Each structure stands twice: as C-alpha cells, then as structure tokens.
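Each of the two complexes below includes chain A, the first together with chain B, the second together with chain C.
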Partner chain A sequence: MPFASEIISFTSPLFLSFAVLVILLYYTVFRKLQWQFLLVASALYYACTGWQNCVYIVITIGSVYAAARFFGTDRGRKGKRIVFWLCLALQIGMLAYLKYISDRFPLGISFYTLQSLSYLIDSYREPTAERIETNPGKLALFVAFFPQLTQGPMARYSELKKTLYGGHAFSADAFTGGLARAAFGFFKKMVIADALMPLARAYCHGPAQIAVALLLYAAALYCDFTGGIDIALGLAQMLGIALPENFNRPYLAKSVAEFWRRWHMTMGAWFRDYVFMPLSVSAPFLKLSSWSRKTFKNKLGKRLPVYIATLLTWLLTGAWHGGNAWFLLWGLANGLIILLSQELEPLYRKFHTRFPRLRENKLYGAFQVVRCFVIMSLIRGINLAGVGFTPELTPALAWPQWILITLALLLVIFYRPPKRRLWRVCAAGAFIVAVLVFGVYGFGYDSAAFMYSRF
Partner chain B sequence: MKRVLQSIAILLAFFALLFAAQRLVTPKYMSDVYEGAMTKEYYGAPKQNELLILGDCEAYDNWSPVTLYNEFGITSYIRGGPELRVWQAYYLLKDTLRYEKPRAVLLNIRMMHNGENEEGQEPYNRLNLDGMRPSWDKWQAVQASMTEGESTLSYLFPLLRYHERWRELSAEDFQYFFRTEKVSFNGYFLRADTKPATVFPVGPKLADYRFSDLAWDYLERIRLLCEAEDIVLILAKPPTIWPYWYVQWEEQIADYAARHDLAYYNLLEDLEAAGIDWETDSYDAGLHLNVFGAEKCARYLGARLQAEFSFTDYRRNPAIAAYWDALTREYAALKAKQLSELAESGTIQTYTHGGG
Partner chain C sequence: MEQLIAILNEIVPDLDYTRCDTLVSGRYLDSFDIVTLVADIYEAFGVRVPAQYLTPENFDSAARIWALLCRLQAK
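Right, the complex of A and B next:
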C-alpha cells in the first residue's frame, strides 16, 4: 500500500504510530507550542496525501482568511458583499470542480470546504474580533486539524477555538476518556463494519436478501461512520480538544426529521444554518412567499416556499455526498419524506387526540422507532445503489462470526462510557484486544476506507 | 501507591491477554503442514553439530542425520523449510552461528531457482520465518523475504497475521497451547511410505536459465560468511528428479564450485553409488525421498565427508551419544509405527514424535 494512502487511513499502523507520536510530543517537547505543533503535524499529515492537494487547501485557507480580515475593516458594505460572494463562489466552485469534473479529489475537501464556509459566513455576518481570526496559522489549524479532516465532525470556529489553541496540561481523565472512545471507535469499525460491509453490498439477489442487505448495511454504515467519528473525537480528547458530537443514537429516532437531528448532526446543522435558513429569508424566497400567498391563498400558499427551500436543501445535501444521480435522488427522497411527514401532522394530531394514551405507550414508541428505521433503510437503499452492489463477491460469514457480530452489536447498543478512570482504561484495553483478535485487517486486507472519507 | 499498583496490574493483564490470544491463534503445525514447526524446533535441540544442512524440502526430506550419526559419528542438523529461499538460508546460517559453529555447511542448491517476490510465497515465508527467535537476523530475513502486502510487524507479533484463525480454532490449538511435539529428527522429516517414480521428467524449455542476481548475491554471502568463519562450504544436489534439474543450472553451479574451490556433490550424477532405487526410495514418485532413500543419501554423504574432511566420530562422546541414542530410538519407533500403519491402512497417521 502506498505510503500516502496508508497514513490517511485511521486503521493503518502508520497512522496509529503518527497519532501516538503527536500525542507524546504534544505533551512533552512542544507543550509550550501546542497549537503550532498541531498545525505542523496536520500539515505533514495532509502533505502525505500529495503536494497537489495542498494547493487547494492553501487556497481555501488563504482566501477565507483574507476575506474575513477584509470584513473586519471599515470598508463599505458593498465591497464586503462582493468579496464575500467572490470567496463563496471560489470555495463552492473549487469543490464542485474537484468533486464532479476533475479526476483529482483532494482528501477531506468536502469537509474542510463546509467548515471554512461556516467561518466565512459567520465572520461576514458578524465581523467582530471574536469571530475573525487574525493569525493565519490558527485559522489553518481550524481548517486542517488532522483528526477531523477526513470525515468530520464539522466544527464551528467560535466553538472549536475555545480548546484548539489553548495550552493543555496532561489530564489523565481526558486522556483515558479519549483513549476509551478511540478504542471503541476502532472496535466498531474493524470488528463490525469491515466484516459486514462486503456482505451488505453482496447480498442483493432477491427481495429477501435485499431486506437482509439493508439491515446489514444499516449496522455497517452506523459502525463505520460512528467508529471513525469516535476515533476523531477520542484523539482530539486525548489532546485536550473538544470536537462537537456528531451522533445521538440515531436509530432510536421516531421520525425521519428526528433521525437527521441525531445522525451526522454537524452536517445537518450546517445545511440548516447556512442553506435552509438563509434561503428561507432570502429576497427571492420572500418574493416567492408573497406570490404564493397571493396565488394559492390557502395553507399551501404559506408552505410552498418552505417546501421548496427544504427540497433544495436536501438536493444540495445529496449533491454534497456525491455527484451522481443516486445521491441527488437520495437527498430528494429524504426531503420528500420529511415534507410528507409534516403534511400528515394534522392527521397524527387527530389520531393522538383520539388515542391520547398512545404517546406514552412504550410499544407504540417501539413501533415508531422501527417504522423510522425501515423508512431510513429504504432511503439508504438508494445510497447503497450509489455506492454500488457487488453481488459477484457473495462472501459468507462463518457462524462464529455471526455470533461475534451479534454480540458486538449488542455491546454497541448497550455500551456507556465508564465514569471511573480505572474502568475507562480497562474498557480501552478490552477494545484493543478485541480489535487485534477479531478485527478485519492484516495480510490480504485492503485497509477498507471509511465510507465517509470518500465524500 | 494504590494507583500505581492498579496501573501495573492492568498493564500486566492486558499483555497477558494479548500473549494468550497470540499463542492460541498462532498455528501449531501438529496435525498438518508439519514443516511449519521445524524452524522453531532447532532452538530446543542440543547445539553440538559439526554439519549444518541448509535448503528447502531437498534438505529436510533427503538426508537422515540419524544415519549420519549412527554410521559415521557425524552430528548434524538440517535447517530447512519448504520453498526456502537462498536469502532465508543465509539468515538461518547467521542465526545458527549465534548458537554454534559447525565445521561444515551443506547447501542444497536447488533452492537457487526459488524466486523472489513470487505469487503465493507469503505462506512459505511464514512457515520458514515465524519460528525464528526474535533477532536482528530474523529482522533482516523478513526484510529480504517479504512480498507485497506483508508487514514486518506481523512477524514480530504473529497475532497480527493469524488473528483471523480465531474462528477456525481446533482442539489442536488448545492441546498444544503450552508445548508442541517434535516433528523432525534434527530437522529431518521422516516418511516411510513409498510411491515409485515411474516417469523421468524432461524439463520444458525455459526462456532464461540464469539464476536470479539476488540468489547469486546470497550464495556469495553464504560463501564469504563460511570463509570468514572458517567453515567448509559444500554444495549439494540430492538425487530427486522433480523438479527437473537443467544442464544449464548444473553448469552454473559446477562453474561456481570450481571457481571457488568448493566441494559439489551432485547425487543425480552418482545415483548408482548412492544406491537410489526409484521403485522403493521416494514417497511421491521422485519429488522427495522417503526414509529409505534419505538413509542411502546419508550413507553416501557420510562416506564422502569422512573421506574428504575426516569429521570427528562423536559416538565415542558419552554426553553426545546419549542424545543421539535417544533420538535414534524415537526415529526407529516412528519408522516402525509408520510402517505398521501403512501395512494396516495404507496411509500414515503418525508424523510426530508424540504420535500426532
């Protein structure tokens, strides 16, 4: 495996060695220059993906930094607006070109572009000293902090700066907490996701198998993505840095809208705050709103602009995930189901007025969870189609593997991070042993990339 | 203090668990692919050998050290492995020199043709190198042998290579968790079954008959190391007829031996003197010799070694004789057991000293 592709994969020995070295040096040699050291480490990490990729991230950092500094000056509003739109167009244009047209796809560009855009938009909206970073190195670290670079979570500058640049003394509590979390992430990724993902993609011969495939895919995708996020959050925590949470038990959601408030939360929040909200109050939408109210005069007149904004937001979410039609369809399906659910709200209300005790009924709650899970699995089927079936593989798991995966999934469901330090260390040790024995890795194993690092 | 003790206890438990897991999943080679246990077995044997035999299956199947001792008093050990490469032989020689210094090294030169970075080589690398004790020599042997996708770390921590065996663990893995049985007699793998060689091969034409530069490089390293250590280097080609031994290969080896004034024993050209009978002396139609053939080869070799180099007769040394006498009894017992199994069922069930 080439050096570059090995170091970028969280599960490669090279990355692990790199991470251990960074943590060691961070608290020892560079304890007085921690953020500067992290910047160098992140730059080194990114440079390993190819120097050409660095050009794009440097353009992003440089342009966003310059634009934000410009917003902080006394220049006129018009000039700032022009700079804002130019910078915005540059970021989106670069992302669109590299994602949909060019053969080159710089690692993490989808994530760092959105994160940079959030900084650009926030500093344009509120050009205060609090919002605008004067040190280009600090901004570069915010954009390129290596644990979150490949698959998020997407942080906001105002939140991340609280811990990213501060001097951190070694804290056994933070360290053991981070270690246990990262180890749990490796467990989910290497024991469950990497074993299930090939099965999910191969199990597509008939309706019954497709149902099984969707179930397996749901489990594999969850463990893959949350595993990667746990590793990122755990690493950051070991460095004393708090990254935002990205998941909140999404498969317990009772509706699609709730699911998206629990799954990839930082992405959902980004599209809500920087696409849906601005779109809804933008001049064209306000015009559309007044036109539709006049034209339709009923409830539809009020809702039409919201519907259009919702669908556009979800189309963009789909487009952000991938360039092909499957992802657009997937985004649209999410949007349509959320709108349908909103439309049916009066019906639900009527139903619940008739059966008022049902809301507290646990069985009904379970039904809602299962219903949402099924709907999301069906929507995800589109996503799975986008990723690609590989039925010719038809791998099989031996029964001990099924038992192992079932037990591992139960553990994932019921595991709660231990509060006591001693138990955290034990948990980390147990997860590491489990990964080393039961994980999918080693000779002949192509260190399967994390699903979300492709976006 | 309590915290320190707790930390130590956790660390110990962690490493104990890892060690136990590694021990459990690492193949024991006690009921199949016995050759995998050979490299490690060397370290448990007495280090009192005047002759070291290096090579691939031509080494561990074709010479009987027990015969060499019983009939000539020559103490010997075969450090061989399946599809062994010359560079692996070089590092096995260096590894051996850390424990003992033999008077002569017999190098089976058919392995000169075993290539580098070949498809399917990885399992053989594991069979031959896993058993080496951790050392700089092992590190270098691994570096020289690794094929694409392999990692050095997995040779130091075999758990990283064999962890997927957790789902196919068998009774053997638990039975031999603490201790394995011996599979060889000073590196010789005994087989008493017979399959006559009826067809004598004609080698297909090759595009290139030259041995690889790497093979030559390591043969030269072996020669120089022997020279530096004042060890006699002998090249040998046992009489097995498969794989075909080309005239062009023979010429290259003969030239090399002549150029450096090395003894070269080609038993293919001396079949009559060795007394090989293809009706009775092979267990797989000429690819490997069975115990009867190996004993004949050992007699031929012992006679030449005594004539040309006058080795010490260790049968007069009681301490050494005790070991060899015990080994001879085990050898005879296994041979008899295999013959009896063959007479009863037509197949061999017992390959190890302990009867596995």
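Right, the complex of A and C next:
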C-alpha cells in the first residue's frame, strides 16, 4: 500500500502517527492558531487521497461559500432562489456523476456533500449572521475536518461552529475521555469487526448457515461502523471538539422506525430534516393532500401524501448508499416496513388496550427487540447484495478464538465509559494492549476498510 | 385554538394539549405526526407552514403551534 493512501485509514500506523503529531502541535506550537492548523492538517490528509480529488471538494466549498454569502446580501428573493437551486444541482450532480458514472470516487464525498448541503439549505432558509460563515477557511474546515471526513458523523454548522473554531486549552478530562473512546473504537474495529467479517462470509454457504452469517454480520457491522465513529469522536474530543453522537444502542430498538432513530442518527436526521419534511409540506404535496382527502375520504386519503414522501425519502437514502438497484430495493424495503407499522398502529393500540400490562412486561420487550433485529437482518440481506458481499471459504475458528470473540462482544455490550480520569487511562491502555495482542496491524498491513467509508 | 386541539387529538389522542409543553421533545409527536398536522392545518386554516418552521421550539405545545399559525397568518 503506498504511503499516501496508507495515511487515510484510521487503523494504519501512519494515520496514528499523523493524529498524534496533530494533537501535539495543536496544543503547543499552534495553540494560538488552532483552527488554522486543523485546516492545514485536514487539507494535507485529504490531499493524500489524490490531488485530483481535491478539485471536487474545493468546488463544493467554494460554491457553497459563495452562494451563502450571496444569500446574506440585499439582493431579491428570485435571484437568491435561482442561485440556491443552481448550487444545489451542482452538488447533487457532482455527487451523482462521481458515485454512479465516473470511475473516480473521491473519499468521503457522500458525507461532505450532505454536510455542505445542510449548510447551504440552512443559510438559504435563514440568511442571518449566525448562519453564514464569512471566513472561507472556517467553512472549509467545517466541510473537511479530517476525523469526520470519511464516514461521518454529519454535523450541522450551527452546532459544530460552537467548538470547531474556539481556542482550546488542554483539558486532561477531555483528553483522557477522548483517548478511551478512540481506543475502544480501535478495539471494536481491529479485534472484533476484522475477525468477524470473514467468518460471516464463511458462514454464507448454504441456507442453514445463513442465520449464523446474518448474526455474525450484524455484530461485525456494528463494531466496524461504531468503531470508526468512536475513533472520530474520540480524536475530536482530544482536540476539544464535540462531534454529534451517531448511535444509541440500535440493536435494542423495538421497531424499524426506532432502529433508524438509533442507528447512523446523523444521516437519519439529515434525510428527515432536508428531504422528508420539506417534501411533505411543499406546495405540490399539500395540493396532493387536499386531492387525496377529497377522493378517498378516509385515513388513507389523509396519509397518502406522507406515505409517498416517506417512500421517496427512503429511495433517496438507498440511492445515497449506492447506485445499483439493490440499494434502491433496500431503501424501499425500509420505507415499506415503516409504513406498514404505521398502518397497523390502530391494531397495536387495540391490542395494548386489551392487554395493558404487556408494555411493561420484560419478556414482551425482549420479543419486540428480537423481532426488530430479525426484520433488520432480513433487510440487511438486500444491502449485502448491494455491496457485493460474496461468500468466502475461510478456515473455521478454533474454540479459544470463539471464546475470545464472545468475551470481546460481551465487553462491547456492557462497557460504559469510566467517569474517573485514572480509570479512563486504564481503559484506554487495556484496549490498546488488546489491539496489540489480538488485533492485526503493522506497516503494510491492509486492515479491512471501514464498511461505511465506501459510501 | 379549539379547532387546533381537535386536530391534535385526532393525530395523537389521550393527551392534555392544554398542559403538555413537550410534544416534540417528549416524543409524543414524531416527524410523521408533524407533517400530517401541517397538512391538517393547511386544510383547516389555509395556512402553509414552510419547512424551516418545523422545529421543536415551534411544535412543543399547542400554544406554540397556535402562536406560529398567528405569525404566519399575519405575514
């Protein structure tokens, strides 16, 4: 693996060296120029993905910056509307071209495009001094901040600006908290996800083993994605910067809709706030609503436009994940199941009125969690076809390795970040030792890429 | 206001809308309910609520929703 591309992967020793150097210089040499230094570090990091990729991110930053500055002027509403739609079309067109047509796929483009669009839309809706960034460098850092660039979480400008640009004195609390979190992320990715993913592939042979494969894949995907996010959030926290949370124990969800409120939360919130809601309350959809109410004269007539908006939103969510039909089908399946549970809501209500104590019953709660897990695993099966998840013949693990992975998974389930500073350092040390002993690492080692970085 | 509460009652019944001030932050109303409510408001009052007003601050209580409607009507 060439030097430049090795630095990009969170799990490469080069990236770790880069991160340590950034943190050191951030609190020492550049303590009075912290955000400017982070911008240079982020630019260097991104340049390592290939200088040609930088063209696209520069176009995104430049066009979004110029458009937002234009929204802040006294120009007429019509001109602003034209600029808004042109800029929106440019970002979406560029993303669609690079994602579905071109052979080139700039790293992180799906994430930074959505983050830039949230800034564009917010500054168009409310062109106030708080919403519009006048310093192009600061906006560039918001779009390209290196810990979150490859797989999120997607932040909103109004939130991130509170901590991204301020001078941060070194805080032992924030640093140890971030260190423990990042170390936990490395543990999840390098000890569990990288070990489980080949196993999930190995178990894909034969229908009887599919259930085991889906279970292993669910655990591997969780550790892979949350591991990457923990590293991003931990790194940012060590720099004194607060990124938004992206997960809230998703496998404890009791319905598909709740699962999406717990899994990849920043993406779900993006599609809700910038696609589903604006679409549902747009003039054409309100007219459609009036028509369907008059035509069908029942609950379905009232709900129909909302249902159409839901399906369109999920189709777009599928398209954002990938260009092939499997992803569209995956999006549609999510949307249809959420709509089905909406339609069944009166039945649920009747059922729970008949059995009022059931809601508090732990066994029933466990049944709901398992039911949701099975449904999500089946939906994920479609997604696997989308990413080209092909069975592999991998030698089976020996029983000590199974015990080790089971223990590691139990740790992931029951681990809570320690409150005391000393314990945080101990936890970080223990995770690092576990990665060194049980993980696979070293120069030239091509750790499996994070699943979500391919989106 | 009474008409608004009647609409809310149809969307999520059995809630005291005169007192509850955590409709969104307390998860009584989800995004589905909010957009349904906006369509109901459009039908009943002829007021279109643009997307930028769909915030928890504007929808956390019946009184706040009513205040928003009055603001939008006055525009």
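Criterion: the second predicted complex is superposed on the first by the 446 of 455 C-alpha atoms of A that agree within 3 Å, B and C clash if a C-alpha of one lies under 4 Å from a C-alpha of the other, contacts with A are read in each partner's own complex, and residues count from 1 in each chain.
The definition used in the following text is that a residue touches a chain if its C-beta (ideal position, glycine included) is under 8 Å from a C-beta of that chain, and two chains touch if they have at least 3 such contacts.
All of these numbers come straight from a predicted model, not from anything done at the bench.
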Problem - First (chain B), second (chain C), both or neither touched by A:400 - result: first
Handout entry: Contacts of A:126 with chain B and chain C, given as first, second, both or neither
Key = second
Practice task
Mind working out whether A:283 is in touch with chain B, chain C, both or neither, as first, second, both or neither?
Solution key: second
Practice task
Give one of first, second, both or neither to describe whether A:426 is in contact with chain B, with chain C, with both, or with none.
Solution key: first
Handout entry: Partner chain in contact with A:13 - chain B first, chain C second, else both or neither
Key = first
Problem - Which superposed partner A:368 touches (first chain B, second chain C, both, neither) - result: neither
Practice task
Return first, second, both or neither, reflecting whether A:439 touches chain B, chain C, both chains, or no partner chain.
Solution key: first
Exercise for the section: Pick one for A:293: touches chain B only (first), chain C only (second), both, or neither. Expected result: second
Handout entry: chain B and chain C footprints on chain A, overlapping residues
Key = none
Fill in the blank from the handout: The answer for chain C against chain A in the complex is residues 30-32, 34-36, 38-40, 42-43, 48-52, 54
Fill in the blank from the handout: chain B contacts chain A in the complex at 6-7, 10, 13-14, 17-18, 21, 25, 122, 149-151, 153-154, 159-161, 163-164, 166-168
Problem - Residues on chain A engaged by chain C in the complex (per definition of touch) - result: 125-126, 257, 272, 276-278, 280-283, 285-286, 289-290, 293, 302-303, 305-306, 309-310, 342
Handout entry: Touch list for chain A against partner chain B, complex
Key = 1, 13, 398, 400-401, 404, 422, 425-426, 429, 432-433, 436-444
